[in-house]
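You will see subunit A twice below: alongside subunit B first, and alongside subunit C after that.
For the complex of A and B:
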């Protein structure tokens, strides 16, 4: 009798646990579904960009860039919302501008150990960087141009990386985080946004565009006098420290990120190809074509290499593949050492100088 | 006796027992085959980056070779999570996965690992090193792997793509669980839950206990077929095992050893050492752990031999490497079977299933398989095995460290941490002899050697501060090294200490503390005992 009761109780508990799990899953699904159908509260930058490109639900879509009167199939209501959400994520991954926080960004923050990282720190101007005349800039990490080369062979492993996997690399390395699942809305919406961008600026699938990726600066593009750490440190203080801080820890104001971190706990990880030690032509290329804002091209190739070399030696989080020892060491260098050495104070600019509005935008 | 002949003889002598036992083990063998199949496919495709037939052949030929060569009744070989993952990690930078080159390198890697394992068999002290890993470490790893299997199946359970990149498993688990409840395929979750609940409920009913996994899979498959007929596969989007009809009896292959591949082959040698060690370590640890549970003993060299030979043969048969599988051995143990016989039956069943039932296997949904793997993982965490470790503080620390290192590093990290801990543990044990002071008698139980001398000296000088004459009783000291001897000699020359050792009768001669009558009785008792021992 007692044994029978025990068995019945066990079976009851099993069924109850399974039911509870299913109910939990169903509620979370319903919540996501509601978010998918809710109207999107666009960030100011996204509203400006999407309005300019004329995103609206209709049967046909006509790119403002098209010279010929050719029309493409338009976007439905759900597509428009997906594109808008994707744009929001690119602009504000951490949900700093959202009324209800990162839930509106599909919890993208969850996949990032950095508390400040956002897509548009590297993919500037929402992945569609242009000069005053509306020309797209060379080597500006354009998201539109990234979509037209959607599935790429990895340069190092030779693996075919689908577009979703390429986005995952961003989460892992650039935000020192985790991979979203390949089926997650985060990836789908950002993909929808980049597809829309490529249609809006009228790029053709499979083509190579100069604004795609990074215009790398190998040693051969310099006078080959070697990469100089000391010169890099000097140039950094002259050109970069005002915004990125003396130690490259970035600038935040009122809980919102103003300038991203290049080093320290909120920066990209050691596994990222932005590190000189991994690929020595990527970060100089990024700096030369994208930095400082509105003065792109001011720094010479050698300057960019020196600065890149210097930045890469600053402490930053270890990548997951490097194991716990490297992680512990980097944590030590990032959190314990800076106050001990008083390096920022020694430079005499430990406090961020007041910023004028132009620089903050 | 040469090991090959020994193995052959062992097998021949086991034959008469095998025939009747085979009938009892038939059902367990079938269960094992059903459990091995999805693991084999999952390991080869998602972890090793090789086509599914590699896993299946490991589950057939790997299991068959290793169980024929290994006389242990608790051993069951076959494809293995860690080894598959090690292949993927080693070869990822060399060639695109699933490609012809990649497969060639994989075969070479497996062959190299087999040859290295053979070295471990031929050089005795190397093999003996594997014995230095103690029970808390093994149990910690078993629990860790159990939890790891559950985590690993979460995404498949919910019909989501698997995250393949190497990351810290514990974080992956958290993210996977959130992905499961938020974006998982609800139909997949239903199928998984039906399988899980059915298997768990059936396990509560004594007469059906051994059938629980089979019934679970059947229920999950039936439910999925019903859903399919109602909604259609295109709306369900459930992954199934798929048709294995292209897999034949054997699929010969040759490892890649061409001139131009040499630089890469040299580059994968460290990977081969890792692979070899991972396999041997698991085989030795798992066999020893389960042998003790069933109350038997198998020489670990036999396990090393069977693994080494199997892994030298398998790369010629398009197969993943083999080693002992904690989870499947645990399963057979729980079902009360003989692993050796069960494994042979399971290999035969798998071969028949793959040859003739490919169409039936094809419709088994992956979420049901994930549910079964989760059950296996849960089975590996047995509180009654863990509990004893928590009554001793040192064992508790070692167990916890080994358990956590599986979850936070990877299995290779756990092997390193475990081995380091094991050596530390035994050294620590030796360096802390049990010393007690009763009056002026200092009794030392343990080793007197350079490591423990400081501990002994401390108490010795403390005692000397109280009385200037001491008696050192080392009748329970097992080992004294030269340094210890010199120290004892110096202590005696200084005139502070006299020694007693009750084993030699020296104390009686020195002190005349006991009467001659009692001494005679004791001597007689000692002689009697000695005779019995002789």
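For the complex of A and C:
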């Protein structure tokens, strides 16, 4: 009898736990569904971008950007909201500008160990960087151009890389975080926004556009005198430290990220393609085409390689592929190096003045 | 004795799962089915992609599209003798391309935004009287890649509307 009671109690407990889990899952689903139908509070940058491209629910879409308008299929209300949410995630992944925090961003920051990373840091101008005349810029990491060339062979992963998997890599490496599910709203909304951008600027599927990815700078594009750490450090202090901080920890003001971290716990990881030590042509290409803001093209190829080399030596999180020992070592370096470097800088009369730095620079 | 049998059963299951089952589902070699060379020339597939990987995936997509009962047999109950036993029984390659560039939109039938992959899954479950592949399955991926290749050949952009002669097909 006692044994029978025990079994019945166990079965009851299991059923109760399963029911509780079910109710919890239902609540989560209902909350997500409510968010999908809720009006989207756009960030100022997104409002400007989407207004400029004439996003509205309609049967057909004609982009105001195009001199010869192309008639494409329009967007429904649900599509418009998805595009708006995607734009918000690109602009403000951490939810710093959201009234109710990162909930409005599908809690995207649960996929990021960095507390400051946002897509817009690498994919500038919301992934659609243009000059004053509206020309899309070479090597500007355009999201739209990346979408039309998705599913191509990727030499870094050895995969035919779908757009969703590419986004996952961004979360894992650039944000030093975790992989969202391929069907998660956080990826789908960014894909919706990206596809809208490609409609707005009328990119054709499978065409290679110069604004796609990074205009890499290999050694052969320099004077071939080698990458110089000391020169890189000097150039960094002259050109980059004012925004990114003397030790590359980024700049924050009032709890909001102003300039992204290049080193330290909020930076991209060692597994990232931005890590010079892993792929030595990517970050120089990014720097030369995108940095400093509004002065792009000022730095020479050699300058960009030297700066990239210097940045790669700053302590940053180990990637998942590096293993626990490397992770522990990097953690130690991120703790020990900043005060030491700060002390050395103080002795060396560093003249760099950060804007307003909440981080431990 | 029972314990040994249980352990052996578990070990066998793990081994089979590790080796991807008893049947060669994932192939690195793609067989050239009838019509492939003409298709490849017609859609200029050889000039697309930086190397053979994309074309090989598109070729597998071609095989799945025209010979579904043979290359996606896991996801359909249709056999060689059935009248409508392949994607090509209802769609043309161009339909696939238009569906691709018009995907990720709100679908009134399902009441939600629907991706190209989800439409492929639904086709397998309904029209092919079969089972739903996962999002990551090479069958779904290669059909998407085939759609991309054709869309590239047709120089379609996002949301491209089918021309009059294509309307009846793409609207299905």
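Methods note: the second predicted complex is superposed on the first by the 334 of 361 C-alpha atoms of A that agree within 3 Å, B and C clash if a C-alpha of one lies under 4 Å from a C-alpha of the other, contacts with A are read in each partner's own complex, and residues count from 1 in each chain.
Just so we're on the same page, a residue touches a chain if its C-beta (ideal position, glycine included) is under 8 Å from a C-beta of that chain, and two chains touch if they have at least 3 such contacts.
Please read all numbers here as calculations on a predicted model, not as lab measurements.
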| item | value |
| --- | --- |
| Overlay on subunit A: subunit C relative to subunit B, clash or fit | clash |
| Partner chain(s) touched by A:151 [first = subunit B, second = subunit C, both, neither] | second |
| Which of subunit B and subunit C A:183 touches, first, second, both or neither | both |
| Touched partner set for A:131, first subunit B, second subunit C, both or neither | neither |
| First (subunit B), second (subunit C), both or neither touched by A:172 | first |
| First (subunit B), second (subunit C), both or neither touched by A:238 | neither |
| Partner chain in contact with A:26 - subunit B first, subunit C second, else both or neither | first |
| Subunit B versus subunit C as contact partner of A:51, first or second or both or neither | neither |
| First, second, both or neither for A:160, with subunit B first and subunit C second | both |
| Residue range of subunit B overlapping subunit C upon superposition on chain A, of 331-339, 349-357 or 439-447 | 331-339 |
| Overlap of subunit C and subunit B interfaces on subunit A (superposed complexes) | 160, 182-183 |
| Residues of subunit A touching subunit B in the complex | 7, 10-11, 14-15, 18, 21-22, 24-26, 28-29, 32, 107, 110-111, 156-160, 168, 172, 178-185, 320-321, 323-324 |
| In the complex, subunit A residues that touch subunit C | 60-61, 70-79, 82, 150-153, 160, 162, 182-183, 188, 191-192, 195-196, 198-199, 202-207 |
| In the complex, subunit C residues that touch subunit A | 48-51, 53-54, 57, 97, 100-102, 104-106, 112-113, 115, 135-136, 141, 144-145, 148-149, 151-152, 155-161 |
| Contact set on subunit B toward subunit A in their complex | 92-93, 95-97, 155, 158, 160-161, 163, 165-168, 171-172, 175-176, 178-184, 186, 189-190, 193, 196-197, 200-201, 204-205, 408-409, 413 |
